[in-house]
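Below is the structure I would like to discuss, written out as structure tokens.
Chain IDs A, B, C and D follow the sequence of writing; residue 1 opens each chain.
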Amino acid sequence: MTDANVVGVGMTAFGVHGSTLPDLFAEAALPALDDAGATADDVDAFYLGNAMGGQIEGESHLAPTLASHIGLAGVPCQRYEDACATSSNAFKNAVRAVEAGQHDVVLVGGVERCSPETGKETDAMTRIFASAAHGAYERPTGLTFPGVFALLTKRHMHEYGTTPEQLAAVAVKNHRHGSLNPRAHFGSETTVDEVLSGPVVADPFRLHDCCPFSDGAAAAVVASADAAETLSGDPVRVAGVGHATDIVPIADKAHPSATQAARDAAGQAYEAAGVGPDDVDVVELHDCFTGAEVLATEALGLVEDGEGGPAAAAGRTSLGGEIPVNPSGGLKAKGHPIGATGVAQVVELTEQLRGDADSRQVEAADVGLAHNLGGDAATTIVSVLESVPRRDSDQRGEVAR
Amino acid sequence: MTDANVVGVGMTAFGVHGSTLPDLFAEAALPALDDAGATADDVDAFYLGNAMGGQIEGESHLAPTLASHIGLAGVPCQRYEDACATSSNAFKNAVRAVEAGQHDVVLVGGVERCSPETGKETDAMTRIFASAAHGAYERPTGLTFPGVFALLTKRHMHEYGTTPEQLAAVAVKNHRHGSLNPRAHFGSETTVDEVLSGPVVADPFRLHDCCPFSDGAAAAVVASADAAETLSGDPVRVAGVGHATDIVPIADKAHPSATQAARDAAGQAYEAAGVGPDDVDVVELHDCFTGAEVLATEALGLVEDGEGGPAAAAGRTSLGGEIPVNPSGGLKAKGHPIGATGVAQVVELTEQLRGDADSRQVEAADVGLAHNLGGDAATTIVSVLESVPRRDSDQRGEVAR
Amino acid sequence: MSESLDAYRSDGRLTTNGWRAALEDGVLLGQACADCEHVTAAPKAACARCGSRDLSTVQLPEEGTVYSVSRIEVAPAGFDAPYHVGLVTLGDARLTARLSDAAEIGDSVSFQNAVTTPEGPAPRFG
Amino acid sequence: MSESLDAYRSDGRLTTNGWRAALEDGVLLGQACADCEHVTAAPKAACARCGSRDLSTVQLPEEGTVYSVSRIEVAPAGFDAPYHVGLVTLGDARLTARLSDAAEIGDSVSFQNAVTTPEGPAPRFG
């Protein structure tokens, strides 16, 4: 088994785009290939994440269409869909294929358009997002995706005393981080008062507790250790990937607010990487709603159970705090084009571990963790990435020959 | 690298079903587990094919929902979509994970509902199927899926003199085969005259040149060689899987009627299996339209280029002929619930190679080939399966201990 | 299992269609696992906790307590907000339901009827 | 590339939106690959044959011959059957188009205009 490495990354700004999915994806994929120093000929396979292109834009069979669009026709292509964890699932499978030696260099990407630019307004998009809930059992109750996390968060508030002000602190932090990220959907800061005075979406969540409907794309080139030596992109090592699926529907989960799939996936990823939560320097996690970040910081072992809210309010998870969470702004401020989100987390961690994250750089970031959740808290994929000492580029040129 | 084996299979009848997708899938998956002699605890991962559940039934995140429904909650789940090649893509990735030792026993399955029972009539379903064409370039012309294969077939008729009567012979053969298959959507035979007098769908295809809108599910348990020893299901060896992607749109393909992706994927599969077309005893191939079968028999090397039509008319590809194609009835007569089709081909081949195919059994079937095509002839996955000498079951019980 | 519940089963199993039909008849069905004792309020082909297929169809209690609840103010197409959705503890089972009024965690609620929606029937508690 | 085509390009590339705008203006745009000489009639970010990004935007010939054709009688929602769809050889390129009349392979056809559909504009030949 060889190590898999991320050797190139690219992404569009997240926000509102009028491009078609192929054009939008090209804006992420071509820069990722360039960053890797890879040409189309170097790429052996394509792993695509797109969650809802069928429902939103009437598109299927997108992987071959996108491959042709960016010059990769010929290679085996596969599209993954696992709700909001869609492109992390593509990433996991790409990493596994490289680790097994089945492919040397693969392109992984995600793309989605969810903004009203697609012609789908809030009520239509809310229904489409609800397609990830249990169709016969959960959807008839009128449960929405904010509603799923609202149920988990309300229970967490009951169990641990988590407060609306602590939830708002998560939004304030992620907006502040997002204001440092030129690719973020929201570039402005917010305040606890502003969050707490917004309109309710699904109690306890108000508008600013929720991520926006975004368009965007993200891509990464994953290469074996040998192939990484022949490419010019600075590698980041994929140290471990965990993937677990909890029970659907949420009512049947043993302890819904524990988000067990995240605990299981994190345990797998930590074990594979040989690290623990204390070793992690920077985290990109699935904050589709403020409460989701509170639950995730606990499930990942970054803070004690019940301490997610107080930790956010105390700044422990801020840039400059003890464990910076979502320096990109997270889904909350960076945006959440569903199928692009998982790979966008990998893009951010790669830049952080390379030391290229500009004003949102986490100091001495050597171990990064991505947490991507799909469906009614049923699926989680956790990836641990590690920095690789920069090789002298002259020497490297010779190694490659 | 270990060999991957199919150790258990199951499928529903294809046709019209009023069940939900989870219930329909259970009707295939639970029998597949039973056929393998596997319990839920034995299964390490789930690979699902579902092509258009979002557009047809407003469903996403189906893999975890189906896993929970049949008792597999916890295992990593991934959904594949690659238009009509959807569940072959799931199968390929499942086989690769087993070959790499990443999982020992996995469940692969596909499910789809496409019949009017879904509430979607012909025009709506025709638009949904067209979602697999190039969105900005092909769909505005009004190109449909019958239309895609009509363009390829009309060109083939021009190039080689293939006739409508030869196309009709494919339909007649596959209806005859389907009449021997209790799970087939169409149980009745047809005639060349009946085919040629049907209403035109997309010239040169008339109604009986086209596969029906079907509902159904299929499932297979794939296991490593070691794991297969511990399970009671009779194994069939996966000798090779090839996967190639041609250019989208069809206008840009070098020679559209050659279906190059099929040639490339078949080449890979033959090489991996160490066999050639002459070694193949039984074929399940992608006859979404009669012309597609003609093109595929040539691309797979079963007949010379240009001989696909005459070969069908002469009975060379019939049960009892030199190379029986689609003994199940194929997509044409067995039916084509999009996301279930690829795995259903594996189910049929497994039964054929085990010698369990009753009145449609191909004699001395030791090498089987499945060919599954997706999108505008852009994607093809070809799998070669081989029979394994039946072990004495008493001996096997001891080996397992 | 009571014989009267047989009408909602097919091939010895509670399917989703049977579960829905019972709900529309005002009968709240669940399944109890013989192996791990998990009781689910959702129609399943196997136990979601342990994978067993040894499930008996049971009628769920109609009185329970609110486990969690949210007031939905932004609804999917086809639904009119606001409304309340909750997780309700019913004996050994936990159920997802529409709540007819605002409620707090721990409140007692009882089964009222099935609410009809574009996505099918859902149990309503209040 | 003629300077007049620049208006349809953004960031030096022919995007799908630019290709559509040109088509609606009666201008049939394609892209020629500097590396393998493949000419495509579809908007692409790279050459579909060789992967090169060195594509120049070109105006396609408006006269061509039918490469293949089908009369569609069962149409998708939003389209009225019957109508004809063809692959048309235009110099070094091959184009997918609506044909205004029945045609045979080898027939000469010429570009007429853009037909407006629920899926966007398509070139019409006849």
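The rule is simple: contacts are C-beta pairs under 8 Å (C-beta built on N, C-alpha and C of every residue); 3 or more make two chains touch, one makes a residue touch a chain.
Model, not experiment: these values are computed from the prediction.
Taking the mean of the C-alpha atoms as each chain's centre, chain A and chain D sit 37 Å apart. Computed from the mean C-alpha positions, the centre of chain C lies at a distance of 54 Å from the centre of chain D.
Distance from the chain A centre to the chain C centre is 33 Å, each centre being the mean of its Cα atoms.
Each of the following residues of chain A touches two or more other chains: 20, 22, 68-69, 73, 127, 134-136, 247-249, 252.
Shared interface positions of chain D, i.e. residues touching 2 or more other chains, are given as 16, 43, 48-49.
Viewed as a network of touching protein chains, the structure does not reduce to a path, ring, star or complete graph.
The complete set of chain-chain contacts reads A-B, A-C, A-D, B-C, B-D.
Only residues 20-22, 46, 51-52, 54-55, 57-61, 63-65, 67-69, 73-83, 89, 92-93, 96-97, 99-102, 127-128, 131-136, 243-249, 252, 264, 374-376, 378-379 of chain B touch chain A when the two sit together in their complex.
Against chain D, the residues of chain A that register as touching in their complex are 18-20, 22-23, 26, 30, 39-41, 68-73. Residues of chain D touching chain B in their complex: 16, 19-20, 38, 40-43, 48-49, 67-79, 83, 85-87, 94-98, 105, 115, 117, 119-123. Only residues 122-124, 126-127, 130, 134-144, 146-147, 150-152, 154-155, 158, 199-204, 247-252, 254, 256 of chain B touch chain D when the two sit together in their complex. Of all residues in chain C, only 15-17, 43-53 touch chain B in the complex they form.
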